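Take a look at the structure below.
Chain IDs A, B and C follow the sequence of writing; residue 1 opens each chain.
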Amino acid sequence: MQHGNLVHELLSGVAPEAVPEWATILVTAVIGVSVLVGLVSVLAMFSVWLERKVSGHIQCRYGPMYVGGWHGWAQSLADGVKLLMKEDMIPLGADRVLFVLAPALVLGSIFGAMAAMPLAPGFYFADINLGVFFILGMSALTTIGVIMSGWASNSKWSLYGAMREAAQVVAYEIPLGISLLAPLMVAGTFNLLEASEAQSGWFGMKWFVFQNPFLIPAAVLFFVAALAETKRAPFDLPEAESELVAGFMTEYSGIRWSFFFMEEYAAMFLMSIVGAVFFFGGFESPFTSLAEWAFVAESGADGVVTEAAGIFELPLLYHVTAGTVLAAKALFGVFLMMWVRWTLPRVRIDQVMTMGYKYLTPLALVVVLATGFWELILS
Amino acid sequence: MMIESQGKTTEPQAAGVVLSEKARTLPSGEREFMMDVRTADLEVNMGPQHPATHGVMRILIRTDGELITGAQPHLGYLHRCAEKIGENVEWLQYLPYTDRYDYLAAMNNNLGYSMAVEAMLGEEIPRRAQMLRTICAELNRIGSHLIAFGTYGLDLGAITPFLYAFREREWMMALFEKICGARLTYSYLRIGGVFNDTPPGWLGEVEHFCDVFEEKHKEYVDLLMMNHIFVKRTADIGVIPAEMALDFGLTGPMIRGSGIDFDLRRDTPYMLYGELADAGAFDVILGSGAKGALGDCWDRFYVRVMEMIESVKIIRWCLGSIEPGPVIAPLPKVLKVPAGEAYVGIENPRGELGHFVVSDGGKVARRVRVRGPSFCNLAVLEAIMPGTLLADAVAIVGSTDVVIGETDR
Amino acid sequence: MLASSAVREYLTNVWDGVRTTLVGMRITGRYLLQKPITVQYPDERLPIPDRYRGIHYLEQEKCINCLACARACPIDCIEMDAIRHGKELEWVSFTLDYQKCMFCELCVYPCPKDCIHMGTEFAYVSFDRSEFVHDLLSFKGMAPDAKVRMREAKEKKALKEAAKLAAKQAKDESEGNGDGD
């Protein structure tokens, strides 16, 4: 079931004939950007709260409990206000232009990457053919920002962090991409919406991991590479708080620092979305199938909703269910990343390289090859 | 390599070592040629405010990229003239000061000092007092090793084991709080015994703690010590061969990690430890080189983690044979120690804690000298740190388990 | 042979890495589902044992201003001042400087009257350093009963003296009478 952009259709539906097409596109874009910015900030705040709760409960404590009443839900909000209020400090020896530019670039590139992320079958910002490559490429851009910040800070610790980030991301882009190749071969598309579509059936349980046995190791490899890509423990070497003080963010404070923080959580969510779409069924789940079935039963259609269906006839329940399912899958991925973080010690930089080049890359290649043969034999 | 090009200096000699168009010989014997790139080692101050130096220690590190080419610890940021204070306050009044040098093992410090004074007094210590002293010293050893365990995990990026270790340490501190009223600086021991008998039910609580601790100890081993990443981070890192350990005068887990069977509790039996060793109540844990070379960081860590179980065994033995009786020898309130001198070395969690006290027969010591184990163990850093990576520096400093309060005193 | 051992090591590394990670995650996951052991501090508090060494308190009525505690203090943070009226004390101050105090409890034991104790209060917060010089006295000057005692003693003394005087006068008178004879 392929649908047009919900917002755009909605606007086209209500706008008078006189309004030109480009205007609706512009308004759609503006709405999309604001939704994205709001989404990323809320997501980051929620993830920070979740991280603190998860780490707290893993460590036999509660985490935030006071602000906002129920389990300190407003703690991140309060922290955000505090970060906004803080003095904007730029070290004297820093390269001011790069220092200011770096957090913006980091956050901007992750926003860019999120543009290709679908939230619901009909709610996306950009339906790109090469969606996965776009996401991987844009999220790799954050590295440039991190290196910029490390250099511009003019601090030795920051520089170490930046160098580590550069080495690490270069090493892990490869297994990340290769491990994604396996589900891409099964899906036969780079488009996230189409990949999700390809997994419908079996009451929403026709996920790629169930279709091909070699996709299970591929998912594990993807998870490990995504951890490294998003600078999460045990691969948080660029910030490595016990070695490099705070790595590339040592000299940052206030809202600039929080940009790096937001980027980290947004990247986690993004990688989880990609993982969910290409391994774990995307929008598909028994609930989604149920919602779809209910809609079909109600509308009396033969299971195919044509694109001609107007905006007000779109199955909103289906969209909401599908979006919730995807978000739940992605948040589970984020939770898994947190769980790993609060369990494992940090690896050393040469071990990161060893793991990337000698373990993950060859294993990913083997998995891709095996997946290819499996697909060939089955077809 | 990178810092140089940021500077605006045009004269090459202005900025450190310049090896342009020269060759240098690498440790492997290979000749490395530097053509145009001006390179210099980067000097980094690790500390005094750094998360991994366990206090206010500064290590001046010279690095070539991530590789450390030289390291020099600088001390003295926490110097409080503890020994000089000992020459100015009465014998008993110095006891609270001993809490403060190795603040993670205050009971052991109290023990060392009071034993040194008792050696001059020649006073017989009641048996129950000795039992309580042993129980407290070993409980504190567990607490101290728990910190060593937790902070070592923290140094290597594992935060959760630290919190687990603190959970048990909190319990241990609550036990001490019940018996002496303080949580960190106990001053529970007195010259001649301990100042207070146990509150009712305290020994039972200690036994319960031992039971639970043995269970939790298995988790520590599984969660951190046997973790693959942890093993890879610590095995073959910071290897101290037995020879070097002897040369540097290392003591405690540092020397036992290098495979040398040296434990003052057994070798120079003091208090009840001779009896305990004869009864076979505890074993001396030695590094075995199970995961890498003998004497690496993992071995030292292993010794500390396993010693906690030995301490539990000692506590159990004491709990089994403790009898009612007086807890302090009858001594005058204002103590006058006969002229003379005494040196008593005890096995602190970090190694040999020696107290050398001189009396001229008065109310105040003539001289108090402390041989701190962390201070002596720290010297080895300079020898084992070059040639490792920056992340290993943190692992090595953590494996020495220094308490800066004691190195500086 | 060499190749096979290298392959075995490679696979062992992969296996160990995955296995120990899962072992660790099982432990942390188990704690994730358990109830935390910490308490919400200002709302709930852990019981403080009787022997806790917190802020001192003084049983002023018992204190005889003997300075034993001040002498026992390793850092001389106890200062006391009282004016002696015969047996009774007029208290001026009994201060403990909590900037210096290290809560070693050495001041408690030498007390001959067992009147200085360490309480269970531990939070002592102030914006001003001078406020850490804490006066332990519950009242300044003389105790009410001491005043009564003193008045009684004075009255007694006055009575005694009056009696003495009267006796003396009587004696003088009788002597004077004798002289007069």
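Odds and ends about this structure:
In this text, a contact is a pair of C-beta atoms (placed from the backbone, for glycine too) under 8 Å apart; a residue touches a chain by one contact, two chains touch by 3 or more.
Computed from a prediction, not measured in an experiment: that's the story for all the values here.
Following the contact convention of this document, B is the list of chains adjacent to both chain A and chain C. Closest to the middle of the protein, by Cα centroid, lies chain B.
Distance from the chain A centre to the chain C centre is 58 Å, each centre being the mean of its Cα atoms.
Computed from the mean C-alpha positions, the centre of chain B lies at a distance of 33 Å from the centre of chain C.
Centre-to-centre separation between chain A and chain B, using Cα means, comes to 45 Å.
Across the assembly, chain A contributes residues 58-61, 342-344 that each touch 2 or more other chains. Among the residues of chain C, those touching two or more other chains are numbered 13, 21, 24, 27-28, 31, 37.
Within chain B, the positions touching two or more other chains are listed as 160, 164, 167, 223-224, 227, 229.
Put simply, chain B touches chain A in their complex at residues 2-3, 6, 42, 44, 50-52, 65-66, 153-160, 163-164, 167, 223-224, 227, 229-230, 232-233, 389-394.
Every residue of chain A that touches chain C in the complex is listed here, in rising order: 54, 56-62, 65, 339-340, 342-344, 359, 363.
Chain B meets chain C in the complex at residues 89-90, 92-97, 99, 160, 164, 167, 174, 177-182, 185, 187, 195-196, 199, 219, 222-224, 226-229, 333. For chain C in complex with chain A, the touching residues are 10, 13-14, 21, 24-25, 27-29, 31-32, 34, 36-38, 40. Put simply, chain A touches chain B in their complex at residues 55, 58-61, 154, 156-157, 159-160, 163, 233-234, 236-237, 240-245, 342-351.
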